[in-house]
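By letter and in written order, the chains are A, B, C and D; residue numbering begins at 1 in each of them.
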């Protein structure tokens, strides 16, 4: 099995690097590690690698790729054989093609997502104790990818069965034979590296970034509002039942959704039982806080094909798109 | 002029003292100073007097009265002459009729609100440093009364002209000759003791209680949700533009609205200019956070007549009831 | 009686404006309202006047003056007569001599402190909701002056008897006839505008600045340490028994002591009884936290004569200089 | 290699279960999962297993054992062979001998510590979202064991070389050939499961428990002081340079030391380089905050022999016991 360490970084396609830089660097306080003619390489304050977020200029906003860190270079070869054997598209990315990163493998996974595996990235200066540089949301690190998939049970089987993810929490339908409507799946031992939600897909629902405490989230709201980004706050602050996250959802200048959150827990023990939530439990989505707006359920980022031929087409979800209590 | 010190306490009529006790004492953490056959006398953790909130059993939920602390017993006599001279109803309340309180004067003010003036109240044990007793929202003290009045300009003139309140912030219409749509008025030098908002009145919109910091507000949300009061959170947490309050609005078991807030500022300097907000400034009501639900604009507590003859009738507001951006 | 509104600002003499600017503005986040050839005019984020702290270049560090805001211009005339009648030195300061300030009166008070009364100061832009400008300790406003006086009882009598201050808390000796060892005195209704502590005087022990919450204090520690000011943290964070302040004491580049604190309470009710602490109660000074270092009890800023003739001589205290439990 | 998941629980011998219960349960807010005639079984709020701390009555305070969770039952057999092959004492503990726990292996490790390996423990009710039960310090979970060892280099070699721990941070002497003076070692991917510090050993310096945020630490201080445990706060709050922990050190009624902390970071990436601190860097121990008291460097809990024959003898450390800057 490919030894995946964790969800490590993402590449978003954006239309205006200046607007993105203002939002992510000046206001939210991401650290700008490197700026090239067509991209910004950002990271959180505790991250000691070159980047966890790449913003690359493009005509159309989209998800470029999501990247898993693997344990060894052999895992890259293993991944190549694994995906090739299943007839899925792969593409090698040369060292340096993405700044700061060694040789990597891109694949289009069975759900249609552009995923990357990498093993080496340049080390970067430690900023965790450079409190004098902290600004805005004081984002610490990339935590997870949240994905809309048309067939959540199939996605669960892929991640849990083929890629060795464990499940911390999930949502099931209230049918006689319950089906998985959403699942929180992890490799590093917290709540998740990947969440799958039933919906039109493949689409990226959001990127989740970790912050130290709840006041970092409130400070982010204050700074966003004071900086003219009042309308970028889509949902929250509030607390999810599922995952226990104290959350805030933002929409960046291209509409990509970012979650800032805290309030996770340790999932290291191998026999820890997944928590099952009924899809209609009103505290599942919103333990407290305003109901999610319709856009939160409906809008998401389209994803690119790794061969450069454009965007993946969307498939409708197998199950009901939204829980009853929010309709 | 009557020397009013501050907004000091309120009496709410409630239908079920057990339900009220659970909500206010067990969950929100108000200190229960005294319990009688028909009433609960509560206070916040920093308050060193007998009560700042009276919950009295009644068949119909309503506001019993709002009470101002005055400087001296002479102020009570002065108030009696002042209201009598204007033909407004008054009633003396004997010492002890409200537990722990000296002789007091009740009046029906020009807007129809049942107001009380008092000068003496029993001292109570200091709990501020009994951190072992802190629970729930860790409410510190009564701060202000927020009132729906049909004619806000007239209310402003009354409080500022006759009662010596100063204005910290106000909302004006965008007419050629702007009219006051809402006003934040104070005697103690923070943002307000009394807020007036344009609306069908007389009605009590909410009682505002001060908490120490934003995390007290979030903890209140967590404890409310864990205790089954998920639906009691009507609005927030969020930040108001006007007043800068970091707020949370709750509806108690009888529908009375309580605000928990922090984030005030000092208004002691006599020449501090009131801040004017346009009614249509989207950051006025909600600097950030979800838009207020319709109920927040429409629902409020009816108020009693001080002669015991029932509830005051309502008058429609002179101005538009709700800002454009929330319709 | 002079109608004093509150402790409003202070002038510190410093040797190196660049060093002071780095400490106060770049690191602690005071707002620099104006910079002249020989002075910096600073204020906190909620203050809407020109300054609450003046740092003026001088050969020797000292307290230049402490300034009370009074209600009306007549109070200035009143103050002039009041101090003159008692044979105390006075000096008029012309409008604009201190930037942004109207005509003011300086006096050398009976304890030897250089005090100022002023009534007019230029309004300044409101920054409270410019959260994008918040930095460092996020200092909100000037709160109080803490003074070493040789005869605390006499100081108490002066402030309470002649200047109309009320007392919120005090420390008394454990003698058969207890004497006041320290007193917290206020005009604006929180714990204090002026604190008097038994000690060699006249000296300024510290200036107290208000911050919004405890996390602002912790953030200040992080930013100070990250900026090379590790050694500037003299005491704390901790909580005082007296005043309930959650505190941090800093020494600026000239050794002047600054307190950042939160955790105050309202003292508006006229009959609120002062809280008496025994000098040997171990929770009086330090409700919790490390014992204060010797320097905190021994070192303080010398004060200037208002006639420009240098520094006031020091007198030894009448009572024991330090509580037993800290010796 | 034994597949160790994490530092999971500890057993402390205490003289008075009532006193321990008051301190840990009533004041600090540990959840009491089970109480037997001679022991209390406690856990943190996010832990979903029977216990992470056992307090067992004994005549002499000591560390009973420290316990690692392993991946599978086979790891227990593996551990038995591993320790036996090295001539180290072992003892099987039958299922249920420690309440709620399956069969386990106790060993006396090369440094003399009584360590336990276990694989099965009863699941317990999830309390993470029972915010109505949160009290005191709101302890979330066991995080790490901090140990005094006479030969830190040997301890490092054992944990890193034989048990597969990785190193996140370490302290080295300033010699021409630097030696390890302290090391932070982990299996779960945060800063540590085990810390080794140069000192007279084997002794347990402290047990580290995770709390959600800095305000939980401050609340613990407030509640401890209000409950008469003022003197139980040995050190802090402050921030360590090493580990970045925002910390508080307590001494329980038997003198055992407990750390409450937050402010960790993720160490999942396999090539993350350990951070090296010079032993004389003043920010290593105390990034900011008061210097550690002598007791913090000198006092620690003695450890038991797994064969029930009493306490391990102590050996002096090979290196200087305390950094220069704290002498």
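Criterion: a residue touches a chain if its C-beta (ideal position, glycine included) is under 8 Å from a C-beta of that chain, and two chains touch if they have at least 3 such contacts.
Here the structure is a predicted model, which means the values were calculated and not measured.
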item	value
Higher-contact pair (C-beta pairs counted), B-C versus B-D	B-C
Chain whose Cα centroid lies at the greatest distance from that of chain A	C
Whole-Å separation of chain centres (CA-atom averages), chain A against chain B	44
CA centroid of chain B to CA centroid of chain D, Å	50
Distance between chain centroids, defined by C-alpha means - chain B, chain C (Å)	34
Per-residue overlap in chain A, given as positions that touch at least 2 other chains	129, 213-215, 222, 225, 287
Contact graph of the chains (line, ring, star, complete, other)	complete
Chain C - residues contacting chain B, complex	5-6, 46, 48-49, 69, 71-72, 120, 123, 126, 128-129, 140-141, 188-189, 212-215, 241, 244, 262-263, 265-266, 268-273, 275, 287
Residue numbers on chain A that touch chain C, as the complex places them	27, 129-134, 213, 215, 219, 222-223, 225-227
Residues on chain C engaged by chain D in the complex (per definition of touch)	214-215, 218, 221-222, 224-225, 230, 233, 235, 237-239, 246, 282-283, 287-290
